Amino acid sequence: MKRVKVSRKAHFNAAHRLYRKDWTDAQNEVHFGKCSNPHFHGHNYELIVSVTGDIDPDTGYVMDMKVLKDHIKAEVEDAFDHKNLNIEVPEFADLIPTAENIVVVIHQKLKKILTPGQELEVVLYETPRNFVSYSE
Amino acid sequence: MKRVKVSRKAHFNAAHRLYRKDWTDAQNEVHFGKCSNPHFHGHNYELIVSVTGDIDPDTGYVMDMKVLKDHIKAEVEDAFDHKNLNIEVPEFADLIPTAENIVVVIHQKLKKILTPGQELEVVLYETPRNFVSYSE
Amino acid sequence: MKRVKVSRKAHFNAAHRLYRKDWTDAQNEVHFGKCSNPHFHGHNYELIVSVTGDIDPDTGYVMDMKVLKDHIKAEVEDAFDHKNLNIEVPEFADLIPTAENIVVVIHQKLKKILTPGQELEVVLYETPRNFVSYSE
Amino acid sequence: MKRVKVSRKAHFNAAHRLYRKDWTDAQNEVHFGKCSNPHFHGHNYELIVSVTGDIDPDTGYVMDMKVLKDHIKAEVEDAFDHKNLNIEVPEFADLIPTAENIVVVIHQKLKKILTPGQELEVVLYETPRNFVSYSE
Amino acid sequence: MKRVKVSRKAHFNAAHRLYRKDWTDAQNEVHFGKCSNPHFHGHNYELIVSVTGDIDPDTGYVMDMKVLKDHIKAEVEDAFDHKNLNIEVPEFADLIPTAENIVVVIHQKLKKILTPGQELEVVLYETPRNFVSYSE
Amino acid sequence: MKRVKVSRKAHFNAAHRLYRKDWTDAQNEVHFGKCSNPHFHGHNYELIVSVTGDIDPDTGYVMDMKVLKDHIKAEVEDAFDHKNLNIEVPEFADLIPTAENIVVVIHQKLKKILTPGQELEVVLYETPRNFVSYSE
């Protein structure tokens, strides 16, 4: 059976700041620069979610893209879009919302949609010039 | 003499919220939806600045793109990048930071760089799907 | 009052063929080449709808982008998406669905959403390399 | 010797519908939604073909990109462009033309161009938001 | 009759340098910076050619895109692609090949394809971040 | 510990030609076509540099993107931008500057920035349609 990767783009907008509560403002400034601005800044996060699996011979699908789109909306867009990641998203109460940590959190939220034998990769663009990828 | 439009792309990231201080939270929610989130959200703003003018026969330039780039950095990027527009940018102390109002403010800040006979257009992408344009 | 152009991207997928019923297949082949294939071909049409108008001083909006998005969905996406333009879209029963004619039809369907003093421009990408624009 | 992946973009436009002949229209509607429209719909398919192999020390090439471009034209563009995949492309006479099945068929058509030790990956964008990848 | 703008993208790669023969190297360095490098540098020039005119009611076309594509190939791509603009393109023997001057030259070469009542606009991207536009 | 790939885009413009000194012009023309033009041509090279490594639990970073950006500027942009690769970049004194060879040279220059356990991938776009990738 042929193993294909299917990918879907999505997006959300959010505010965040990078800082550690146990560091002083000066320490945070040294490590995170203007990303530690206490008044927050924000991004249009663009997301590419990919599921690799066998083609179902009955439908020709690895996964119905509409189902994948709906999962991404329920798990990621509804939870993150137009939110302040530090204040309003529980996963980041004690986790710095760097792109690296966000992509791992999204991966953990989405992997429940996989059927046995499928694999998940998540790519997250924080800006059009900076992006991160995670699979396991 | 030939009249050409020269354009330069730039970008900044910022947090904002859309709301009126003289409206209740419920009124703001009606008019601005999730954009009125009191904890802010944010965007990667992409900018296209265009100057229309005559080609200087000595240099073949309407305006040196490096000079235009430096003006955009000084007037827009240094003032807006990684900032909270509502709290940290004085122009929005009493002006709602919608894309429409931001593009007009950027136009006002940049038009001082023009020489006589030149015209300025500013396009601002708030997301890859929503953008605004202003010239006068 | 400041006059700003606000733009929103949308998209739909459709099948079409270019031909005249009163011409022979050979004549259609001469004028429309492989676009006249009787079995149809198709495109991902990408759309940019722009409304130019005054900024409402109460909201900072020319038009609420969410309202514009909903109008585009109701008037264009619901009518054209995943359709055969020649067979299933009444406007093209007697009109060749070239990009030029499609963009004029979309403009006519959307101009009802304007308030007095507003202007409408529609840009339609038939492919990433070919596109058309119409305003009146 | 250094092993490098070289990639070339290409594109074709086509009509298709997703359905099984042994299912009723209602069953097809359940599984394929509006993609099962009996009048067809269509896409601008964008293609990325990648060949991984050793750099030829005489030329500095893994594969001459012009040769790769010509192979893609002969094997894929001439066969699929401006066609109805269900009716006019023999490979889909008994195979549902989902993006997954199309990318595997393209891979099979192109792998004959490889020399020993080279590997082939094909990525197919059905829309700017949905795409699939296959290698073996 | 409806007046529509039809646009076609094209591209060419070329080497160039910006300098005046009657200036010293030091003067050229002051005005053109690293763009005056005597050993040349180069760009992927991306081009958007737009023709505005009435829709022909017989065909639904302003201009057959294939004809426009062929004109661009004959007048621009064959003349400029993989060339050194300063040395090999006669129009720049005594004209500095800035983006502004190149876009005007391309406009002059293409305007012969217009029929009465049509207008021509040319946009030239020198890099993805710098571009120029010309119409008359 | 989670292993994430972080990626940063960069760019430079350069002139080059593809040829072997020990071949005649006619032989070079056969193998490299118009890319062997003795007067050079050029490109806007777009670069994606990716570092895969463990997330530092103190900062949530695999690598500070600003540091990665500065390394790319020092090692690649300052060395290649607005240069003639054949004449002015020592690495290509005896190596044909094909995209394949350029991407390997960039990889060699950048791998010194890695800490133990990190991996490096470099993708180089020679044009928007042709690109190469290298990792080791």
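To keep things simple, chains are lettered A, B, C, D, E and F as they appear, and every chain counts its residues starting from 1.
Just so we're on the same page, a contact is a pair of C-beta atoms (placed from the backbone, for glycine too) under 8 Å apart; a residue touches a chain by one contact, two chains touch by 3 or more.
Everything numeric in this text was worked out from a predicted model, so none of it was measured.
S.K.: In this assembly, which chains make contact with chain B and also with chain E?
M.R.: Intersection of chain B and chain E contact lists gives C.
S.K.: Average the CA atoms of each chain to get its centre, and name the chain whose centre is farthest from that of chain A.
M.R.: E
S.K.: Tell me, please, which chain's centre (mean of its C-alpha atoms) is farthest from the centre of chain C?
M.R.: Following the centroid criterion, the farthest chain would be F.
S.K.: Taking B-E as the reference interface, which entry in C-D, D-F or A-B shares over half of its contact pairs by residue number?
M.R.: Answer for B-E: the repeating interface is D-F.
S.K.: Centre to centre, by mean C-alpha position, how many angstrom separate chain E and chain F?
M.R.: Between these chains, centre-to-centre, one finds 28 Å.
S.K.: Suppose each chain is reduced to the average of its Cα coordinates; what separation in Å results between chain A and chain C?
M.R.: 33
S.K.: If you average the CA atoms of chain B and of chain D, how far apart do the two points sit, in angstrom?
M.R.: 41
S.K.: Check each residue of chain E and list the ones that touch at least two other chains.
M.R.: Touching at least two other chains: 128.
S.K.: Name the touching chain pairs, please: which are they?
M.R.: All touching pairs, sorted by chain label, are A-B, A-D, A-F, B-C, B-E, C-D, C-E, D-F, E-F.
S.K.: Which residues of chain F touch chain D once you look at their complex with the stated criterion?
M.R.: That would be residues 18, 20, 31-33, 95-101, 103-104, 128-134, 136 of chain F.
S.K.: Show which residues of chain F lie in contact with chain A when the two form their complex.
M.R.: So the residues of chain F touching chain A come out as 2-9, 50, 55, 58-62, 64-66.
S.K.: For chain F, which residues count as touching chain E in their complex?
M.R.: Spelled out, the residues of chain F in touch with chain E are 11, 13-16, 34-35, 37, 39-44, 46, 81-84, 87-88, 127-128.
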